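First chain A sits with chain B, and in the next complex the same chain sits with chain C.
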Partner chain A sequence: MKKRILLILSLVLILSMFLAACQPETQEAVQEAVEEVAEEVEEAVEEVEEEVAEEVEEEVAEETEEAAAAGPDLDPAEVAASLPREETVYIAGLQWSAVVGWNPYSSANNNAMGIAAGSNARVPIFETPYMYNMINGEQIPLLADGPWTWNDDMTEITFTLKDAAMWSDGTPVTAEDVAYTWATHVKYETTAGVGYGDYIDNVEAMDDKTVVVKAKLDEDGNAINPLLLKAYVSSEYVVQKAWTEILEARAGNDATALKEDPALDFVSSGPYTKFYDDDQKVVYIRDDNYWGQDASMWGALPVPKYLAHTIYADNNAGFLALKAGEVDVSQQFNANVQDLWLVDNLPISTWMEEAPYGLTASLPTAYFNLESFGLDNIAVRKAIAYAVDYDTIIANAMTNQSPTFDQVPRSVMNPTAGEQALYDQEAVADLQWVGNDIEGANAILDEAGIVDTDGDGWRELDGQKLSYNAVCPNGWSDWQAAMEIVAAAGEKIGIEITTLYPEWGVYQTVFVNGDQQEYDIFMVWSDGAGPTQPWGRVRQLMYGQFAETQGNWNGNWGGYINPRIDEIVNEIPSVTDQDRLVELYTEATEIYLTDIPSFTLMYRPDQFYTVNETIWTNYPSAEDGRNIPPMNLLDGFSIAGLYELELVNP
Partner chain B sequence: MKGYVKYFSGKLVWFLITLVAAFVLNFVLPRLMPGDPVAIITQRTVQGMASQAGIQKVYQQYAELFGTNKPIHEQFIIYIQNILKGDFGLSFSQYPRPVADILKSSIWWTVALQFPAIILGWLIGNTLGALAAYLKKGFDKVIMPVSIFISNLPAFGMAVVLLVIFGVKLAWFPTSGGYGFDMIPNLSWGFIWSVIVHYQLPFWSIVLIAIGGQAIGMRSMAIYELNADYVKYSRFLGIKDRTTIKYVFRNAMLPQITGLALSIGTMIGGALVAEVIFSYPGLGSTILTAVMGQDYPLISAVTLIIALMVLSATFLIEILYGFIDPRIKAAQTD
Partner chain C sequence: MKHTIREIFHSPKFLVGFSIFMFILLVVIFYPLFVTAEPLEIIGKGTFFEPGIYVNVYDGVNSKQYTLNLDDAAEKRIASKLGDQERLDMQEWLLSFGIPEEEIDIYDTEKLIELWENNYDRSIRFPGMTSARQKYFGRLNTSLAGLLSTEGIVLAAENQETGELESTGIIEQTNYLNVGQVANVRVLPLGTDNFGRDMLTELVSATGTSLKIGFIAGSIATMIGLTLGLLAGYIGGWVDDIIMFFTNLFTVIPSIVLLILISYSIGQEQRGAVTVAVVIGFTSWVWTTRAVRAQVISLRHRDHVNLSKLSGHSVGHIIVHDILPYIASYVVMAFILQISSGILAEAGLSILGLGPKTTDVPTLGLMMNWAMIYSAHIMGKWWAYFPVIVVIALVSFSMNLMNTGLDQVFNPALRE
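Take a look at the complex of A and B:
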């Protein structure tokens, strides 16, 4: 008897596996059968229903009214049990765990596809007055109507809001909303409030539609930093005042409660809103009443009805899904991305057909800890930086998804055209090394009298062997590959460099402490593109005030001090004259390349951008002349891409 | 009867002592990890923030909120008070989501995946092992090496092999998720079917590994029992083979039951590999993100569940043994 049960059990399991394998046919057959039964039942039920219907009708009418008043809380499964493939854009690489909230005041939302304020603020749900375009640095009006203006002293930015701009509840977006959003940020000490609080004094509504952003002033009556005001208008969302007041009431005016609120009842102004989310995915649905279809903005609705993001366990799962056509836009580092079309013949492409395939904007950089023995010596720093084989880093670690230092010579600028135009390359050409210059590096050391005195193969400085570690977080494979190449360069020039890969959780508590002695040469990312760049990056690389501070998330982690750099960093934000700007940036670059407090190892995109043209096509690309940046069709002006998409098979 | 009471109460006391020790360790061990979870959260939220004082302020806010700036014994008292109220606190890595909410949404996926897989792997493995021991010859020559091979494949190896063959190359099964990437959960045949299809690869990757180990264990136990004196004696007495075999496998089964209980107890940890490789929702992947993000409350809660499950499983087995095998009770109450 037991044997028989076992046998039956095994058969059932094998059968289920078999059935699962030939899914489509079987599924249809079963579905048909189910549907037939369902129809019969329906007929029978219909008769009874009709009788009851009349009685119920009145009740339902009442309930519906109530429901409508409570808001569009629809049951997603009733709207679309499965998302129509031809109406959905699938994005990957942004959301790595379940969505926890929709609160625009909280910086801990982890709702990455929709809510991410900052230099390239993501705008499918909440909107900023302006959209940043990282290709050319322009700020394009979104909620705002036309460009913003400075007053004569550069202490106030004024802009007006579009008449058409509406909230999802149908009320207009007003200047009072913008002002109240700022007041809320300050009152509840949100990340935006404390982040901009040193630079922005107030945001005021002059009338229904006119907004003035007022700078904090220094002793001389100048704005402390005009660049941060400029950044604010394209970095921070506008939130509805009426809804904010509801949120405040719910939180009992408590700052923690306000920022913890998941804000499921949010009111927003963007083209998409929440539809469905669980541990495996998040889906937004288009708001077909979106104000932006007005001729004063886009003149149309974005093409896809749904934006969906599956939550993958790791990069590899997301990569397989991209290959399978389950992902349309991938913000992941896919090694050897060109193989997808050259070898696998998939309809997949990137921003550019040839290497570096993407638009790089940030500069992963290795910092020298100037407290480490010998690294305060320019010759040692210079020799290491000259000896590193950057071409190999770019070819291996980045699989050529970065321009080489031949193509974009090193400076403090990222490779975008806007930033490259901000310094005089010829003036610093002599200082821009390409790397793998072992001979040159050895000569520098020999000349400085740093030689191997005891014959052990390693050079000594004042009788002490030069020995360092090269550190980056464990599991960051491209960075680890880069650190290996730095170590190899050390060996070639007689400086002992060993690699060390602590876990990220440990790494990021050590390098932020200005007096740490544990890491000698260590990698940190750099600022990408944004309204405050490249000023922000110069400051990040060399600003003296950051040196030797604790809990330093700002920059200059090696502890470099140069009063001239501090003057330059303090001067740039108020400079409007283009020639003067170029002069200052060129000087900063010259100092950076001469003193070498840190050195860039590769260029890297702000967001990786690989698109699959199985379902959708007409994605933004480098040569199409549309100037839509490759930022997932969500960040800043990149969202324009959603209005341009076309179906492959309409 | 008195013997039973003594036996059970002794077990219960040990159960409670171990539970308390596990409870303390669950709290202390994650917090001994090097690193600072508040810094991780701060770093995440202040990206691109220009004001240094602002960044410090954000750090202070979070440290205050999570209580990590208090001495560890104070944190422990708060922790106990909250646990007694059934409050596991807020997750660090998925802040402001409550830990209880995270567990609630993921635990059923793990149980539904692991429990049937462990039971089925155990049943098939033991049957095969017993058959190999009894039938010998050709059957044994095939089962034995195959079982050794399979059971020595690391779990992730098996999962990756299945993923590559059936998911990527043959494309019979989806490579990730608990249900279709284009689905919204609902009570329809299409959705249920999608869940079944997504279930297959992670399920079989666990079953196959379990089969191998169980088969080997059962085979050697059965061979040992088949050669025991009582078997020879009963054959000698002319008792039917069928009856003898029954006794043999009953005896051979005892250690296997312990194995079963333990694998059920540890199923959350065991789920990690299959869940991560197939992006399958569940506690396994939750633990991984919790550890990577130094999410103390979430780690403590998950390890507490694991500790409870293992302890309860072993406790139940000990109790069960008291009944199944009176020798054990007798030996321990002496």
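Take a look at the complex of A and C:
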């Protein structure tokens, strides 16, 4: 008897494992499977001798009790363990390890789902006065009421705050909060304070609701960089003054202590707040008293009650979860993403249905280390850049998730229409190259007298063999594959290039040093879209002041110096005349394509955006005309997407 | 000696293992003579092309055309685009659109397509329909275009002078070509990998490299193990103590940990295939040492050894002439196992990203590593990883089989 029961039970177990492994496509299928198993368990249980049956029943009863008790008033840990799927949006690809803190003054919170200031500031918890929309470059009021205005000589930006804007503790957001946030950034030398300190003189409260951002002026009385004032209002969070004072008191006014404070007691103004986090997942809960439900802002609360991010071991784990419908919005590079709907027939989409699938805005770029032997020679740089097969990088490394250089010819601009209009394409057409030009590259080298003198198959310059490494962080798969293709190009033109993939932890300590000799050709991202672009990108690619600096996170990592570029970079921010602007950008592009201090390998989205419509639908997409950018439903104006979601099965 | 070898080849297990191994070895040696392509050459623009025969379309169009009148050709053509599932999906859309069910006959292709073409509107999204589904119908609609056409396709070429298209011919639906007559046909029996490389060519080359790594690692490990084991076992005393001290030290630390640490500290730039092989060799000699020492200790006081000692032979002479022959069979077996574990160790290291640098040579582990990075196992691109697993399994299976076969011959206790 017992043996038979054991047999039945193990059969049931195998069956349930089998069913679970089949990845049922719909909720019903799961339900069916569960019901089937449950039925069989019941049958089996009936056969079991009485005492055994009692035991089983007891256990089942216990479990049901536990499940039933999981109400909203319970411990967050228990709720987080089994979030109601129909009230939760799961995001993937942002958070790879446990959260460190919630401190808006710190840049080391490792709280990527919620806290990330910058061009497309992430606004579910803390909010900025304006939200940037990368699709059209607009700054849409969030805490602010209506558009901001310049004064007559472009040295001050004025905006007012919405009357409805409230902190999570019920007090209103005031101009004094905005001013005090800036004062704190400066006083404690935070990233924002240092970054904007040279350009913003002060942020002042004129009255309860009116804020003025004042620029630092040069000798002529003009703002040094009006662009950065414009950027400030959509890039940096507003933090409550009262809470900041508590934080300061706790830190004893010490800068390091203030920035290292995990700030678990933070007061914020955004629609979501901390709910639960450990090394497995991070969960935010909606603040149902959020001020934004006022008609002057969204007029409603965001749809999902919880935002959750499971911490996956690696890209593949996150990818599997997306396929299984456990992830709703994925910010991962998923190779061959189109197979998910073309082959697997899953309800998964990207921003666009056809290649390049996303809204590409940044330019992953390979820098030449100008200190490496031979790379200070323009012929060598040019030959390598000409020889690389970019079409293969885009088709194979990026699996076509980038436009080709035929479609968007190379320049310092990203592929968005706004930036492309900022330079004269005709004027630089002769300088642009499409790649895989082995003959051209060989000719350049031969002409420069860089030939293989000792017959070993590799070219020499002044008797020394040209041999380089091509470096990018380990595990960044599309970049790694791109570096392999760069290396393959080297072989074809007689320049030895080997790939090297150090861990990110090592990589980030080396490439930021201006005098490093370890990496010859190395990849770094570029600025994507933002209120200061493409000026910021020109500066990042070539600005002389960044060259040779230590701990350099600003740009020009190869150490390129050209006084004319510095002049252009200094001039552009105060230019308002469109023609002059195009002239300057065209000149910068010309210099960039002539001197080739670095070369772009592909275009890439600011954030990858793949959505699964198993639970939620009505996600923003390119075709819908809503102009909500594909930025995880979290960054800048992308958060509008959270107000538009609908359940697939309401 | 002759007798032993004959006996070995009479062992069925050894024979099977040996045949598999020789087959792999011969393929590795002879394949490059027939297929001269560079194993690391990127030929495909795109990732993971399926296994199959790739016929150049341009050459195909220009090669000799034959007319075959096959009855089921049109049917097959339609079925490839419009299967049962697609018909049901069309029905679903039409029903949602408001077409009465009795008007839809999903098995009357002509009527169904007509009904579809008259009603379908890409921009419609019914309540409850996901946008993924809406896009699916859009793609279905595109694939149906011209499905029922009986016309051929007109070929046209651009006139160099006027820039206008001029018709150069027609491809009828009944036209066929003979694959053998097309100038450019490339057979990719295992498709391509994520870089667009020919998987089979790469796999053969990788197997060769991996065997080399295994051989180098195995030789080093066996040499070290044998030397230390002989010295420790025969000389004994403090020499034994010192050697055993280090051996025990290495036994306690798992060799994979040592491997990882050493590989990591070498840095990728210096990690060629040979370096990795040497590192593997230097970390896996431990159990050979222990086993050889144990054997030697049991041999040390045999009569013939004592006799040799009395005859005044040197230690080296005794070890080489009186001890080594007795443990030779054992050493050969250990060597085979070391090769096999060397190959596995390389695969393990490469999967962790600590194998040889990738630009130089393909290895089995690196192929697995890249297939994983590009999610081949999740996307169902079996040809990118499964053949590699099979080769690794076959190599180590054949070696273990040979080892078991040898064991049966040499070990009297196991003799049948």
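Points worth noting:
Basically, the second predicted complex is superposed on the first by the 568 of 650 C-alpha atoms of A that agree within 3 Å, B and C clash if a C-alpha of one lies under 4 Å from a C-alpha of the other, contacts with A are read in each partner's own complex, and residues count from 1 in each chain.
As a working rule, a residue touches a chain if its C-beta (ideal position, glycine included) is under 8 Å from a C-beta of that chain, and two chains touch if they have at least 3 such contacts.
Being a predicted model, the structure only gives us computed values, none of them experimental.
By the document's definition of touching, of the two partners only chain C reaches A:Asn334; chain B does not. With both structures placed on the common chain, the touch criterion links A:Gly536 to chain B but leaves chain C unconnected.
Contacts of A:Tyr276 after superposition on the shared chain: chain B is touched, whereas chain C is not. Touch counts on chain A: comparing chain C and chain B, the chain ahead is B. When both complexes are overlaid on chain A, the residue A:Ala395 reaches chain C alone and has no touch with chain B.
When the shared chain is aligned, no partner comes close enough to touch A:Ile561: not chain B, not chain C. In the superposed model, A:Leu320 lies in contact with both chain B and chain C. On chain A, the surface patch touched by chain B in one complex and by chain C in the other comprises residues 320, 502.
By the touch criterion given at the top, residues 33-37, 39-59, 61, 65, 90, 93-97, 102, 105-106, 120, 123-124, 127, 167-168, 171-173, 175-186, 188-191, 193, 196-197, 200, 204, 275-281, 285, 289, 292-294 of chain B touch chain A in their complex.
Within the complex formed with chain B, the residues of chain A that make contact are 6, 9-10, 13, 16-17, 20-21, 23, 27, 30-31, 34, 76-77, 80-83, 85, 88, 90, 96-98, 100-101, 106-108, 110, 118-119, 189, 191, 194-199, 225, 228, 235, 256, 259-262, 276, 278-281, 283, 308, 310-314, 317, 320-321, 324, 326, 502-506, 508-509, 512, 527, 530, 532, 536, 545-546, 549, 551-554. Against chain A, in their complex, chain C makes its touches with residues 40, 42, 44-48, 128, 130-133, 135-136, 138-139, 194-196, 268-269, 353, 357-360, 370, 372-375, 377-380.
Only residues 315-316, 319-320, 323, 334-336, 339, 341-349, 353, 389, 391-392, 395-396, 399-400, 469, 474-475, 477, 480-481, 484-485, 487-488, 497-502, 613, 617-619, 621, 624, 648-649 of chain A touch chain C when the two sit together in their complex.
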